[in-house]
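Got some structures for you, see below.
Shared between the two complexes below is subunit A, which pairs with subunit B and subunit C, respectively.
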Partner chain A sequence: MDYSVIFSYMYTEIALTGVIVAALLYDLIAGKRGRRFFHPVMCTLMLLFIAGTVFPYHKDSGEIFGGMYVYTPVYGIVKSVLAIGTLIVFLQAGSWLRREDTRFKRGEFYVLTLSTLLGMDFMISAGHFMMFFIGMELASVPMACLVAFDKYKGNSAEAGAKYILSALFASGLMLYGISFLYGTTGTLYFDDMPAKIDGSALQILSMVFFFSGLGFKISLVPFHLWTADTYQGAPTAVTSYLSVISKAAAAFTLMVILVKVFAPMTEYWQLLLYIVIVLSITVANVFAIRQKNLKRFLAFSSISQAGYIMLAVISGTPYGMTSLIFYVLVYMVANLAAFGVIAAVEQNSGGKMDMDDYNGLYKTNPRLSIIMTLALFSLAGIPPFAGFFSKFFIFAAAFEEGFHVLVFIALINTVISLYYYLLVVKAMFINSNDSPIATFRSDTGTRLGLVLCLAGVLALGIASSVFDGISLYSFGLMQ
Partner chain B sequence: MEYTTLILLLPFLGFILLGLLGTRLRPGVAGAIGTIVTGVVAILCYWTAFEYFGAGRDASGVYPVMIPWNTVWLPFGGSLHIDLGIMLDPISVMMLIVISTVSLMVHIYSFGYMKGERGFQRYYSFLSLFTMSMLGLVLATNIFQMYIFWELVGVSSYLLIGFYYTRKEAVAASKKAFIVTRFADLGFLIGILIYGFYTGSFSFTPDAPLMGTAKMLLPVALGLMFIGGAGKSAMFPLHIWLPDAMEGPTPVSALIHAATMVVAGVYLVARMFPLFIGYAPEVLHITAYVGAFTALYAAVVACVQSDIKRVLAFSTISQIGFMIVALGVCTSSDPHEGGLGYMASMFHLFTHAMFKALLFLGAGCIIHAVHSNEMSAMGGLRKYMPVTHITFLVACLSIAGIWPLSGFFSKDEILAACFNFSPWMGWVMTAIAGLTAFYMFRLYYCIFWGKENTELHTEHRPHEAPLSMTLPLVFLAAVTLVAGWIPFGEFVSSNGQAYHIHIDWTVAGTSLCVAALGIAIATWMYLREDRTVADGLADRFSGLHKAAYHRFYIDEIYQFITHKIIFACISTPIAWFDRHIVDGFMNLLAIVTNKVSWAIRQMQSGYIQRYSIWFLGGALGLAIILLLV
Partner chain C sequence: MVQMEYYLIVSTVMMFVGIYGFLTRRNLLAMLISVELILNSVDINFVVFNRFLFPGQLEGFFFSLFAIGISAAETAVAIAIIINIYRNMKNIQVRNLDKMKW
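Showing the complex of A and B:
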């Protein structure tokens, strides 16, 4: 076997494995003094990793291991997006990892996070359901450890338990669905399956079960119930990772599998998505309005954003796929900015994260307040921020495929979402507070991460070349 | 020629820099930054023109359209997309010269004129913004990009008219300008959308010949676009904002409301000219009638105004009318066969920009010297301000159409084009040209000759403006003297082929005679210190005089329509509907959302067992729905 082929297609995963091994070794060898530099070392390593893998090495697709692993340029783009997001999370996690009670285990944080990233990369590149499932589990199990990272805190432990139990349940159901698929088609290869799929009752059931597994990851209604509790309990860095990276990978994989494997059942999964989108956007909005805790609030916001992402999936077109990746990218910078601010405030104010705590934040920390405001504006889709453009694209994608009513419902929901996003802005700028959070300077990593996110929020919409660049490689249903 | 992107980028950076630093910069430094940036941009523009025209014609005898830079900015999924880019063709390159030259002159001039003003830095940052927007407008590769910059130009105009924001009139004028042009732009936008929807593209020239509905609706789209152009170019009856816009600083009037922004409508029609000729010649002719009427109306009003800036404003409206007429009378795209007007219009745009900027800057010097806009405060100023006097006279002779100044050549081509279209149109426009000579020389005599306001002048002796202000005057006067000899047809013509300008001496002779007559009458009426003739005429035709002085009550008609009809009969019911029905619906939405939110909060109970039940139940429920459908 020619190993160079493996290297040339699997370069992202191989490089990432290298980074993980390096992190493990560094943790072992560096000693107490060396570990003080753990954070900059890891950020540099991630930067090198991104620099080495950001540009696709191949212009065309390829398969290795008999079709178990598939390479397409657009997968490379998504993996790069995820890696960049992870880097931003790392940057923002610095001050939390330096704390007394987490310092001794920071190596674990990097290794676990990167392991989940590796799992997602494999999940994206899967060409076979077994490969896909292994990738997904690799992304799930370390994730549970991350959620329970502050294991001596009740919240974090509870969140971890809830996450792993829900994940197990979802995986079980999904595996059950996949076994039905195997039973009816006799294969687990993505490429062979469409020919044998005919939309029988059993296959519909298996499709829904499969969908529920990924729906859990993306936290779509009705598979979302773990989200709020887990987001609230997990350390903020983990929450932001969970809300962006994990979600993005699952959403993209879902689209790929739906258009590749379930192409003969397009009308069924479109109906399924239709229901799920309406439920997700509406229910999440309804819950978000009442939240007092900012992390819980952003949890529901992320559920509703997941519903919007599905608007791109439902179109099934190359334009939809481009919109999805673009939406995910824009959502990533905005959400990471919001969580970055929350983390900074939490670190510097002794764990404050209720909306009332943010009253009058503008007076004491104007820059953080402005970043938070811009991030929320982008999430709400107000022009000229990137979020407006990304929403515009996904609406256009769904509208063109004839989902007019659905787009209309989504539009009404953006109005509602504007209300609750503005509640936070109002708290920071207008509400008065006798004892606001004191003025503080956040650490360099956090600031760097926030600046990156802010640049994305401001520039991604205007810079059209990003969208164009993605659209060169996107694909959709073969018609 | 990628460096052309700098033409847009530099003024934009200048705007950002000056805007962000604001008063942290010393006024002189801010002005210097703005001027240097504009100077570099002007050099780039000249270099672009040199390279573009230097590259020569292609095999078919036209200067090829060049797109040095283009990017798809907003794709719509189908074939439709909005591009951002830079397009060079003869008229856009010509406009680059006009805009950068006048802008640079105004930048230099403002050093003297705006000295000591509060908000000097803000002024220069707005000027940079305007320069960037206007350059972007002319360089646009497609109609939508043009629209974006069109609006940016409108915004910067709004900001600059309202520069003295503490003055009530200035604020009102800026609002008026913005609202009137925005209202017209609505037509433009609808036109663009119709155009884009039916032709499947926003480019200036559709890829394939238009068929069916697209062909049928194109005249409508073009007509709507012309409404937008008419708003910016102050065509009757959308002209009402321009005279009021004179509340802005005078250099701004020179740059925006005389030389560049107000000719955007002309530029738009010229840009869409192939479509107009190909699919909607009748719409083009309508624009000619609108233009002719506007030219006449504005010329009559200009004869009786007493504020020198108002006279110039109406003169601008009238001259833009000439340009629109010249485009409108075209009947084919061959300059030898009824397409002469295109070249004539662009030529006049070019010469007019120079001498009208000169007139405004001269007026600025005068206002600077006597601290008033009213003619009654002037008279006999030639003794005090020799440079301003001579340059102003050059500009007046040019706009009156006296050989060998630039206005003569361009106006002659316009009149020739009008006579080709119909003798009737030719004579009307010739008469208006005579009227132009009359009111310009009335202005000239009232400022520099006539009875001096000695009372005011002894109290505050008028003085010549500083060098930073006279230098631009001299430069623009020099351009006005020689610009007529430019073989303009060699660069710009309706079909792109070289067109050799030849002067039709019957037309030229007639117009010269008429202009001379106009000047003679003005001399007879206004040169002397006592104005018995003028006052006697004003008394005899007092009704007409009063009506013209009040601009034929067009503003009052607008007031009546907006306040009495639109506000009372349309807006009030809509406001009620909004207050009660729309807001009511929104409130209902909020109440329902809150109620539902309380009702289903049990779903989020915190018990993992229940979550699993929801999960399984949800999955099964969805499966059942799919199976049943």
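Showing the complex of A and C:
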């Protein structure tokens, strides 16, 4: 067997495994003095990893291990997007990891985070349900450890318990669905399955069970109950990772599987998604309005954003896939900017995280306030920023396929979401406060991460080459 | 020979007993046991489908092997987190996990 084929298609995963091993060895060998440079070393390694894998080595798609692992250029693009997001999370986690009570276990943070990233990469590239399942579990088991990372704080442990039990339950339901798919088709390969799917009642049941497993990862509305608690209790760096990277990988995988495997049942999953989208966007918006804690607030905002992402999935067209990846990219920079500001304020003010604490922040920390404002504008979709364009593409993708009422409901909800995003802006700029958070200087890593996010928010919408570049490789339902 | 339907009845009962237990039990370990019931019912399903419907293949057997291994890993993490909760609050009743709500 020619091993060079494996290397040429699986280069992202192999390089990432190398980074994980390097992190483990560095933690082991470096000693107390060397570990002070852990953060810059890891950021440099991630940068090298991204630089080495961002340009696809192949222009055509291929598969190895008898079709269990599939490579297409668009998967490579999504993996690069996820890796860039992870780098930004690392940059922003620096000051938290240098703190007294987390310093001794920072090696674990890097290894666990990169393990989940590896799992997501395998999940995206899966061509077989077993590969997909292993990738998903590799992404969710270390994630539970990360959520419970601050183990001497009650909230973190509580969040970890809620996350791992819901994750187990969801993956059990998903496996039950997959088992009936196997029973009715006799295969688990994505390529062989569509020919044997005929839309019988048992297959619809198993599709719904399967969908609930991924819906949990994306935190769509009937499966969202863990989201707010886990987001609030987890350390802020982990929350930002969870809300962006994990969600993006699961959403993309869901689209790939619905389009590839469940193509003969399009009318059923479109109906399912229709209901789920309306519920996600509306319920999450209503709950977001009444939140006082900023992390909970962003949790509900991320649920409603997940609903918008599903608008791209429901179309099932190549244009829909392009707009999904673009939306995920834009959502990533905006959300990471917002979480970066929250993390910086939390680190420098002794854990303040309520909306009232942000009153008058503009007077003391004008730059952070402006970054937060731009990020929230982008999340809400206000025109000059990238968020407007990504929302526009998503709506266009769904509108083209005839979901007019759905797009109308989503548009109304965009207006509602503008209200609660502006509540935070109002707190920072208008509300008066006798004792606002004192002026502080955040560390270099946080600033670098925020600048990267800000550049993304400002430039991604205007640089049309990004969207065009993605659209060259996207695929959709075979008509 | 025992027919396939009987095995499927057992696995379906296990599945829904697991769901019922997960939703009604108020102890973290009992909830974990209920989830294990769900995962085991899935393993039975895979093995039975493979044995009776597609006897020439091995996909279902291998899937259930991997599912058993992965669920063991998940359980280990879950128990570690439950022990951590016990250390923080001295019991593992769900009603005490109410620091964060709504």
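As a convention for this text, the second predicted complex is superposed on the first by the 479 of 479 C-alpha atoms of A that agree within 3 Å, B and C clash if a C-alpha of one lies under 4 Å from a C-alpha of the other, contacts with A are read in each partner's own complex, and residues count from 1 in each chain.
Everything below uses one rule, namely that contacts are C-beta pairs under 8 Å (C-beta built on N, C-alpha and C of every residue); 3 or more make two chains touch, one makes a residue touch a chain.
A quick note: this is a predicted structure, and the numbers were derived from the prediction, not measured.
Undergrad: Is A:276 touching anything from subunit B or subunit C once the two structures are fitted on A? First, second, both or neither.
TA: first
Undergrad: Mind working out whether A:49 is in touch with subunit B, subunit C, both or neither, as first, second, both or neither?
TA: neither
Undergrad: Could you look at A:212 and tell me whether it touches subunit B, subunit C, both or neither (first, second, both, neither)?
TA: first
Undergrad: Go through the superposed model and pick first if A:222 touches only subunit B, second if only subunit C, both, or neither.
TA: In the superposition, A:222 touches subunit B alone.
Undergrad: Does subunit B (first) or subunit C (second) touch A:161, or do both, or does neither?
TA: The answer is both, since A:161 touches subunit B and subunit C.
Undergrad: Between subunit B and subunit C, whom does A:130 touch in the aligned arrangement: first, second, both, or neither?
TA: A:130 sits against subunit C, while subunit B stays out of touch.
Undergrad: Would you sort A:173 into first (subunit B), second (subunit C), both or neither based on which partner it touches?
TA: both
Undergrad: Intersection of subunit A residues contacting subunit B with those contacting subunit C?
TA: 161-162, 165, 169, 173, 228-229, 287, 290
Undergrad: Given the complex with subunit A, which residues does subunit B contribute to the contact?
TA: 71-78, 84, 589-590, 593-594, 596-598, 600-601, 603-604, 606, 608, 610-612, 614-619, 621-623, 625-627, 629
Undergrad: For subunit C, which residues are in contact with subunit A within the complex?
TA: Subunit C residues touching subunit A: 15, 18, 22, 28, 31-32, 35, 38-39, 41-42, 45-46, 49-50, 53-54, 57, 59-60, 62-63, 66-67, 70-71, 73-75, 77-78, 80-82, 84-85, 88-89, 97, 99-102.
Undergrad: Flag every residue of subunit A that touches subunit B in the complex, lowest number first.
TA: It comes out as residues 161-162, 165-166, 169-170, 173, 201, 204-205, 208-209, 211-212, 216, 221-223, 225-226, 228-229, 268, 271-272, 275-276, 283, 285-287, 289-290, 317, 319, 389, 396-397, 400, 412, 415-416, 419, 464-465, 467-468, 471.
Undergrad: Per the contact definition, I'd like the list of subunit A residues that touch subunit C in the complex.
TA: For this pair, the touching residues of subunit A are 129-130, 133-134, 137, 141, 144-145, 148, 151-152, 154-155, 157-162, 164-165, 167-169, 171-173, 175-176, 178-180, 182-183, 186-188, 228-229, 232-233, 287, 290, 296.
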